[in-house]
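Note that the chains are named A, B, C and D in the order they appear, and that numbering of residues resets to 1 at the start of each chain.
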Amino acid sequence: MTRLVDTLKTPIIVALALIFLLLIVGEMLSPGFASPTQIMRLLIVAALLGIVAAGQNLVILGGREGIDLSVGGVVSLSAIIAGNLMNGQDAGIPLAILGCVATGALIGLINGVGVTLMRIPPLVMTLGMLGVLQGLLVVIRQGIPSGRAAPGLSQFVTQPFLLGLPGIIWLWVLIGLFLAFLLSRTVYGHRIYAIGSNEQAARMAGVPVAAIRISLFALSGVFAAIAGICLIGYSGSSFANVGEQYMLPSIIAVVFGGTSLAGGKGGYTGTMAGAMMLTVLQGILTTVNIDESGRQMIFGATLLLLMLFYGRGKAMRA
Amino acid sequence: MMVDAVATPPRRPGGIKRFIEAYPFLPALIIMLVLLALNGIWQPRSVSLVGITGLIKTYMALMLLAVAQTYVVYAGDIDLSAGAIVSLVNVVIVAVMASLGDSGVSVLAAMAIGLGAGLACGIVNGIVVAAFRLQAIVATFATSIFFTGLALWVMPVAGTPAPATFWRTYGGRILDVPFVFWAAALLAVILYLLARTRHALQLLAVGDDAQGAYQSGLPVTAIRIRGYAMCGVFAALAAFCITGDTASGDPLVGGKMTLYSIAAVVLGGTALAGGYGTVVGSVFGALIIGLINSLVYFVGTPSEWQNLVQGLAILVALVAGILIGRRARA
Amino acid sequence: ADYKIGLSNGWVGSEWRTQMIEEAQAAAAAWTEKGHNVEVVVQSANVDVPGQIAHVRNFINEGVDAIIINPNSPTAFDPVFAQAKEAGILVISTDAEVSSPDALYVGIDQTAWGAAGAEWLAKALDGKGNVVAINGVAGHPANEMRVAGYRSVFEKYPDIKIVNEVNANWDQAQGQQAMQNLLATNPDINGVWVQDGMAAGAWKSIMDAGKAGDIAATGEIRKDFIDLWTAEKLNSGASVNPPGVMASALNVAVFMLEGRELKEPATAGQYKNAMYLPIPFIDSDNLAEAAKQVDGKPGYYSYTSALSIDEAEALFK
Amino acid sequence: MAKLKISGVSKAYGATVALSRGDLELQAGEVHVLIGSNGSGKSTLCKIVAGSVRPDKGEVLLDGKPVTMSGPRASKALGIGIFYQELSLAARRTVEENICLPDLPMKGPFVDRKTLSERAARYIALFDGVTGEGFSPDATVDILRADQRQLVEIMKTLASEASILIFDEPTSALDRAQVDRFFQILTRLKQEGRAIVFISHRMDEIFSIGDQVTVLRDGATIGTSRIADTNAQEIVRMMVGEEPAIAAQAQTSSAASGPVALRLANLSGAGFSDIGFEVRQGEILGLGGLHGQGQSSVLRALFGAGAVTSGDVSLEGASYRPHDPRAAIRAGLAYVSGDRGRDGVIQGRPILENVTPIHFLRNRLRLASPASLKRKATPAVEALKTKFASFAHPIGSLSGGNQQKIVIARWLIDRPKVLLLDDPTKGIDLSAKADLFALVRTLAAEGMAIVLYSSEDAELLSNSDRILVFNGGRITRELTGAERTRFNLYEAAYEAA
């Protein structure tokens, strides 16, 4: 019985319940909001955020105040690189994936090296990297031929593929399964939690702390890059600063998923729910006809309210 | 066996190290002076009286916002809503002055209300983070959205002009000395005095070890709320400067300043983890950002490369500052 | 004569801005070919308002002859422009109007721009139907002027109902998401008024929902969209804010530096300091022409127009 | 009337009952000793009095009047001062700031720096001559040694000038001279009429300073007696609830004569120099001497977690260069730290994940299958008589001693060649110690080479085949066979290095 109550109190269940609640509220405010196609489309948008949040999640789990503010920059950069490498041709997709993943991994690697070997706080390192990437975008956009998504990619992101759901949602599910497996059933996963929870103890137990932390940042870059590719599939063509809107929401999705910003605690399943919750909330606010000022106030206040369900810090007095 | 301990004397930092330990803003000061010199070499007029006045006039707001951010960082917190508070206070005072007309009284009333608004925002942040115990990064991001909405509600579109009394004073001279120099001097005095109150010490103690501070009997929650309140007040002061320099209300004016204020704090040698740092360093940090931006232009960087070079220079300065600071302490 | 002109751009988040600077640089080069040595210096980076004020101060320190700025705020530059004027510098803003009496605005009338799209849409809908608007950044002056423009037009059509207005921050993906949410909850939309790059996003959602045939929506001017428009025969119309506005402003600036006087002083607009340029409009009638202009250009290249040197000269006594 | 009377206080953390029935009567003018094995609830009891833990039940009477503590501030206002076992110092603040932090002297709106220095100086002066090198009022706490930090916490507690003073293990890192000075101060405070609670795990200290002793076991107060009316045997019996589990049986096994497992020659590094010794398979080599003479540093350095500047090491005849724990583990070394919170426990993770990391590394595993891991881990965990409900429970659900057993068990799934024990029983109770050393014996008998450092003489003497005495970072004496006596150990430890 207590077990049942405990399960019900896990962040994932809370998040799913809140999503359900939000959908009902949305349907009441604007009929049609919770229709199956609309939910499917919301899932596409959530998947984009969720994939960025996957990397963010890993970095945060690894502890030592892990956080990656550069994901937005990587998403933008990747979208532009992808657009140019595929240039509207399906044949270019593999090259685009390769190029973007390599770029994302390289940027993440630099972040990781700065954070581990030079011991720069992650917030500072990735904030600095964000500034660099924004500059790089401007430079790269000079003299590039074009940036159109291949039809196959657009179809993958927006058109039903299996059981009425587009490929990107299946990709997201696969990423979810992959990370669940990685975190719970592999040595690498155990080591992520170990360094996030007690880095010194992990080192004394033979965990290659630096290598793992660097790999987490690299993975964050890779996931952001994948999101960038998907994003150009979603919007059809690349444009500047597409990724900016993912930076802080990716962190919020992770927090709403029950992962502690202190590291070592949490997982990706919750983050997926967190990403959906955020997307649904934003969707509702778009459909309600009120002033933008009102939308923002409601959005901010609702975020605060929802946060009360999650990851509150420990009380000083036990 | 009875424990005894005689071996391994504790590490005592030597000359320079001790100096930097005592004055953690030194690396920032040096970087700033070097940048100033480089600016002067590439564009002599940028270090003339007019040039320096312009520099201070423009970056006074960021200096103040960096100071604001420093007080929360002292306690190990962070405020991602600082820029939104600047926007909100900016539109509030402009709206108040617009409705009260162009007079000294109206300006003073607007400033009082603006300080109140900043203070209120700071207290809201403090309560949300310290009393409700939400994670500072995400909670203040949420409040920043809320404050921005509020600013848009107060002034739906940028543009209402501020009365001339206000910005002519800010841009003018008193006793033949530019107003901003007086403001900078006043700021220095205020920072010096604040550093001597117990607030700074208590915030640093909380940032060092919150549990320890609590167990020692310090009112940790109240101290953290106070840190956010100070942040709100200084953000309001930053908004005054923005208003003085721009002479208008803009509900989005401060948005981009938040991340710069954090960068300035780090550049100034303050530890983001809390417990260590100085507000003076943050002031230098803000100037470093300004000087990098103009230097990149003065050396003739092609326009499409300017953002990249600035980004790289700031990243390098951040990393260098942290490495130097650590060297000094190790 | 030799002139040094400073160009300041405070936001690098779109290709339109890049093209704007490139066209201005090309215009300067054209002057040089004509034997006038016009040197441009450029500051272009993502900055906030204080950062762009620093741009202007840097130009003043450098002693340029004129400053052409695409400003991040309409009113924030009054004090620093006053300073520039004191230093004998000509200040022209473009793309967004400024309130400073010490500056001149050379560019399009954003209100009229918004109205032009709305007029087209109203006609396309035969004066009746449900319309949604997807706007840029709330609180941004250009956005608010455009909003005022379309509202003033739709007011004249009692049978056109604006069912919702949302902000998607001039972000193509956000525009697409917003459109998707609006389509789901307002199945009876007939028209969409949407600006700039967000139009491509909105159209993507409209096509994904299979409603391209039922909905009329404003469009945008990048080659990618013009190609799509042509290929899919979309029911669209786009008012043009050409990236050439800065080049136009530069040409006007040079004549002013030469000491020439305007035939008609610039007194338009809410700040009485504007000189409005014509606003081209693309619809099905001239789509092919527009497509020809951007043919062979990269996908992000915008349809453009600018005052030539001769056209500019015609404005002066 | 009792100055402070606590009756029936209890505190549970979720399912863990930290304190089930805490009773204590404290008189003015006495030093009241609290004793009990680890986790018996001493600190919890103290923290309840200090207001930093909220009790579930029970009553606190101050001067006969019931009081409720809303927090440390309230308790401080009632005249209660406390030394926290885990300290409550701000590392980047100076010594004098730390001493005065709870009660900053003010002059108008400003901190009165002069008074602050003067006030701090009064408490620092109490320890004149024993504070050690590098201790000064303006030194930041982070550059101080552990003993010096404890002194700062003591000074901070004294500066509260409270009428009730609680000291939760204030002497655990202090040297003899510092303890002596501290006891002089306690004696004086007692004479001033203050009521003092004193906690220590050291019998000799208890008998030298205590007036009364209260014993806790499993979160409950067992009883109180006058120190003068009791003896160590009696107290231990109350603590354990049975006869002491480990008799101090002398070590009888003859020194092993197996092949050399580990050899050090002229090894120098941070905190030690010119160390040379051999350990044979089946041998337990003890490292002795005063606390902090380089024993820990040598062990950590061997394990690749501390700096080595010169010298040679060989493992089973092959040259071995320690540089990082991973390599050390692969080479067959094992290291158990007494500081399990820092070096051992992966807090918040399941017990299973805490037992398996070495197994992963030694077998270069990539996948973690819970079923097979449990099968592998069970014998290792059972060998130490670890008490736990399920491998899936978080390690934090175990008591400290059981946590330490889990940490040790991780080395037993795949046997190492050499086991380095760095004060492994710090903070674990008597029966757990007995279990641990029984196992160590078995491991040695099976041919493992073991190096043991312990800060407890009895433990060292009764469990080592041979003892190397460390002094000033060097080995100054080797005690073998019948030489292994407390007398020889002290003599070697205390002679000038």
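By definition in this document, a contact is a pair of C-beta atoms (placed from the backbone, for glycine too) under 8 Å apart; a residue touches a chain by one contact, two chains touch by 3 or more.
Here the structure is a predicted model, which is why all the values come from computation and not from measurement.
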Report summary line: Per mean C-alpha coordinates, the chain lying farthest from subunit C is D
Query raised in the report: Using mean CA coordinates as chain centres, what's the subunit C-subunit D distance in Å?
Result: 71
Report summary line: Taking each chain's mean CA coordinate, subunit B and subunit C are separated, in whole Å, by 35
Requested in this report: Quick one: report the Å distance separating subunit A from subunit B, using the average Cα coordinate of each chain.
Outcome: 30
Query - Mean-CA-position distance for subunit D and subunit B (Å) - result: 44
Query raised in the report: Which residues of subunit B are in contact with two or more other chains?
Result: 151-152, 156, 211, 214, 304, 306-307, 310
Query - Sequence positions of subunit D contacting 2 or more other chains - result: 52, 71
Query raised in the report: Using the touch rule from the top of the page, what residues of subunit C touch 2 or more other chains?
Result: 12, 18, 44-46, 138-139
Query raised in the report: Which of the chains are touching one another, listed as pairs?
Result: A-B, A-C, A-D, B-C, B-D
Report summary line: The answer for subunit D against subunit A in the complex is residues 13, 47, 51-54, 71, 303, 305, 325-326, 329-330, 335, 337, 342-349, 353, 356-358, 360-361, 365-370, 410
Report summary line: The subunit A residues in contact with subunit D across the complex are 184-191, 193-194, 197-198, 200-208, 264-265, 316-318
Report summary line: Per the touch rule, the subunit A residues reaching subunit C in their complex are 30-33, 35, 37-38, 41-42, 45, 134-135, 137-138, 141-142, 144-148, 158-159, 231, 234-237, 239-242, 244-245, 282-283, 286-287, 289, 292-293, 295-296
Query - Sites on subunit B touched by subunit D in the complex - result: 1-13, 21, 193, 196-198, 201-202, 204-205, 208-209, 211-219, 275-276
Query raised in the report: Mind pulling up the subunit D residues that touch subunit B in the complex?
Result: 50, 52, 71-73, 75-76, 82, 84, 87-93, 97, 101-102, 104, 106, 109-111, 113, 132-135, 139-140, 143-148, 156, 172-176, 179, 204, 271, 288-294, 455-457, 460, 472-473, 489-490, 493-494
